[in-house]
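Each of the next two complexes has chain A plus one more chain, namely chain B in the first and chain C in the second.
So, the complex of A and B:
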């Protein structure tokens, strides 16, 4: 972990902002977890100091956490086979694979990379000191909870100049009720190396409990990393995903987050552009239904000059679902010639659906190009009528407009097979199959 | 085919159609002319089933069915087609996927299976050539970035694809250059048949040189005030509408 400037995220949290009743819930959760595994390390100290999120903690203002205050049990199932789930959720994908079930490494289902210059192991199998806490763990109670309780995860090191020949799929599956799963992935990509990662989360229909995954990604100069992240969790799982990405000079990182389903999902994606000439791309879409909740909090911290960041999140909210989008962009005083773009579009399909969308740009350099846009709307009535006047049914017409709305973002997955599988799953969920497959032009 | 009786329609508090009568028999082509704002597009929209308008009186019979009882999708599937005065752009939806959904909607209504990919593409090819629609336009998003004339051609292409029983063309000629006008008119003429009817809304007699109507009607202030044969259009071209307002209505 490099970096000189103190991150601004922390400043917000430094004010003591403890809500006693919520704090007690957090402590009760720790006690409940203690029966399963004891928290260790410095992070246990942070847990004592940090406010347990409540409505007046800025980054959790619209993110209800009451679903976490429940009981947890030791998992009964520890392998993907026992869970009756496919090890590879993407048919036909030729990828290396590391599989975790209920927070545990499933050696049988994994197919770790065998490639010179690449080391990839489950954390539990290596005797090394746990990674240092990043900024998130020092500022966010749930991130600290991850650090204190995670004993498993993937440790990946890609040497200088190595180009991994296949994507590496990290699959986490939750099976059964009341599980508490913590994973911590540490990834280091050395200079000029290239790697494609896929991070896929699933769970079974009867699943409940929490999934708390932290990914630390350090990308050295000139390296390129693509991360396709797909969340398709059935049941009642509460999913917390933290990413801390540090980019050195002239590195390129793109993260693509698609939330297909999930009772409660919070993505906390943080980029720190530490060297000149970095390029960061972060795209996402979310289509919650019924009473699902999806939250995307993103931070792009421009700490160096001549970097670009481009962000597009599209949300379509059905039923009585709710969503949050919060996009922070910091441009530090030295980060001249920054080019930062952010776009967030939302469609509320019903009048019961809600979205809290907030772009937050803090710009301290003067020679920068920053733009952002945020829209919240309904379906385009003119387009709907036009389609219906051609004999297209109303729900199909809506599906068509939905597909168009997220089309750009859908196309942006780095791995083609992932895009196709995501599209297939969305089609099944939303009934798009009738028109969706594209035709070759004759 | 279509029988409109005493049709009254309003938007909000404003009444626009004020008791309109029109009967169109199978195979006939009727033209409607009239001053701006007289209610021509409103009539077209009401026929197509746009919900913004309240029908406050009268009836529309379409092939012995109550048209006003059907929703827009059902009307289209039953064989009604409206070529929009202002075709709508739908970014992100390809023209070709849009049309396939439309064709399959109609087929579903007729109890047929969805069209096979190959058959569909052959159909597209055939119908696109009818209006000389550029192949590239088929794969672009619906009307997005199309020129005014390309949009109008696309409307006729869609009509040809859907083979309606009754088509309303709302100012399909405006915005077309001379060649395009001829192409579009030829496309329409190629579709004329004893069991298909047209209602052609236009401001210019010129179109009617190409698409020769059986009847010409003048719509003023929400009513048809005068009907005649194709010569009426020539007279309107020459004399405008004022004489009607003075002689006929007064």
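So, the complex of A and C:
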């Protein structure tokens, strides 16, 4: 009848939409991967049942996946040295380091944390029962693909009350053509512990293929985690990043995502606020140019009362690039006193750039404050004129406006060195000399 | 739950039976249940339609058979059995009516209960009413007066016979039969509706209105409305609905098409108060409506809707801003109570240069209802300097209701300015407290707050409707604070 059923399950894939031709492409990809490498044998049932993404699958409506239906080769390079890349992409950063190259652990380049109460190891070196499928693997084909193929990753455990003295940098580098890289990071932060994580992805100019990284982050009560995520991949790499973050009572998690460069990037960031008094911050920026594609999908699932979440994504689109932003705030029936805020700002710089934004609210509790805003516009002509009338060139003036537009997000990065390096790389990519000069003199 | 009186008041409201829940006993001419080509031929022959119209219906039916009912809305309902519905029913009236006196007295009584005294309306408000009871127009007033200005305002069946050139040109031009499942179904089986044509440069001197009413048990209502405003003309069109109480779900799949030619303006207002079902959601109307307008150069289409009824609402009045400098507006108040569900919003498709659109949507959810706003703002590459402002607010009355927002914003032009903002909150306890302090009782306080909240939309309604809409909001919501 017309009575509404209890909306208890947050159904990311509300109604599956199977498209036979795309399904066949997914199977061909699975067959190609089976020839190339051994999988984990997990999540195979989901790979069979779930719809392979195509444009009639709501969460993939504006995200073209045709780049995945290609051939893959075994990687030739397995160390960062052989790839000719720096182990630490951030100069002057004093951090622990775990390095992966083409989906494989590089022990030479890594500098694993040595700290009491902290265990950090590559998954391949420990014998532990494989993790069960979470909500993501059950609802998204590419997440299930990750679980069925990721045999490597980082396993991090931080004991109760431990404060890690230095940030931990997880670096993944893709080198060479047609590689298929899967990583699965499992992170557990016990109560009242504190840790700063950096996730940095790079690739060389000639790189192509796919990178599929899943991060499972469990944060116990009172713990604090900051994650700075930077994507700076040259070449033709297709990058899929899934994060599932589960927060217990009074925990705090801040995730900042900066997409500097990438042919095709999809970030799928999911928060579940499972205890009272959680605080979640998720900010990000994307500045694609040429024909780059950046997609940010986020969900914040408020399951408990008295939680706050704050989200800000800023995008500036150049060339014939395209961007997608989809933010979903979900407030469950008993999550009273929820305070959820979401903001998405976009600037289209050129004729051929496109943006598809969808800020969603799904609210089943009444005593809440939820708001979202979304804007799409241009650089402020008057601000540009003001700067130019004071002798600042057009490109410099625009660089200043960019800095102001994404400034709030940049300010949020937890590690200062990361922020500086991000700004430096952005300035180099877009040729903002003055920006670089200021950074160097600082 | 700060106030003790709440539960009592809530009960009173939810326990309130549907005010307009009565049925009229009129003999009717009814087709057997089911849908096939023979039924469509029957409808077409009953309506004495020309051959091209039948062909058009059959083509739509062929398309419909291949389509699937959409499952993407945020709605949960048992899909109707389309073969269990009777697709034609007409009050038995053989001769043409010349005056109101000739109208069936039973039907006159129905009108009176609805508060539409035809004579009163004629004299006092200057509204021409095309009264549609179960698919066939039975009374049309002011026709002659409008005729002097060259305005055509008649039932769709008359229009097919009398103005085939206009119908051929515009019917299905805005909402093609293939557009969606319900529009295809409507095209195949629509029984009647209204047609309105405003000639070049004419400003329609009165508000045009049609009252729809579902009357016959077990029949679907498939209305088709077409409004064409020729160059530099203006028309304000009102549509209001009430339906008698039923235990089984009634299906309503209407199609409304608006054509605003160069420099024309159409204002289309709706107050929808169909039977929403009982407290458990049993019975109630399924309202699956496709409404769309096309704006040519410098024209304007404004949709205003007050949605308080129906068990399930699926409705997206849209504007295609094709011409340069055209304007689209959408103002909506959607109220859901008990087990009602609404998935409603708009689409603004910007094609022309300097096109502007405004969306103001106010959702109010009470009981265990769900109210979703779903909207699309699309700026195509050709739409230089397009501008959109959207505001979607939701007000939650109880902790068992839901309010959802699904805005789609797709921009392919760098000169576009698009703003979207949405908020969700509870009715302010401090506001109620303020009113109580000053001797305003809770019911009045809520009515005051809700009417203030919806004011931006109600202000857009023509006078006659604004009063009715305010009354409806109060009836639907008084005391339902959680």
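Basically, the second predicted complex is superposed on the first by the 417 of 442 C-alpha atoms of A that agree within 3 Å, B and C clash if a C-alpha of one lies under 4 Å from a C-alpha of the other, contacts with A are read in each partner's own complex, and residues count from 1 in each chain.
Throughout what follows, a residue touches a chain if its C-beta (ideal position, glycine included) is under 8 Å from a C-beta of that chain, and two chains touch if they have at least 3 such contacts.
Only a predicted model underlies this, so the values are computations on that prediction, with no experimental measurement involved.
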{"item": "Partner chain in contact with A:396 - chain B first, chain C second, else both or neither", "value": "first"}
{"item": "Chain B versus chain C as contact partner of A:407, first or second or both or neither", "value": "first"}
{"item": "First (chain B), second (chain C), both or neither touched by A:167", "value": "neither"}
{"item": "First (chain B), second (chain C), both or neither touched by A:348", "value": "second"}
{"item": "Which superposed partner A:385 touches (first chain B, second chain C, both, neither)", "value": "first"}
{"item": "Touched partner set for A:122, first chain B, second chain C, both or neither", "value": "neither"}
{"item": "Chain B versus chain C as contact partner of A:356, first or second or both or neither", "value": "second"}
{"item": "Touched chain A residues, chain B compared with chain C", "value": "C"}
{"item": "Residues of chain A that lie at the interface with chain B and also at the interface with chain C", "value": "none"}
{"item": "Interface residues, chain C side, partner chain A - complex", "value": "71-72, 74, 76-78, 249, 277, 280-282, 284, 311-312, 339-341, 368-370, 379, 381, 394, 396-426, 482"}
{"item": "Residue ranges of chain B in contact with chain A within the complex", "value": "48-51, 71-73, 75-77, 81-82, 84, 87-94, 96-102, 104-106, 109, 114, 117, 120-122, 124-125, 135, 138-139, 141-142, 158, 162"}
{"item": "Residues on chain A engaged by chain B in the complex (per definition of touch)", "value": "380, 382-383, 385-394, 396-397, 400-401, 403-405, 407-408, 434-436, 438-442"}
{"item": "Chain C partner contacts - residues on chain A that touch it in the complex", "value": "1-5, 7, 14-15, 58, 62, 333, 336, 346, 348-351, 353-378"}
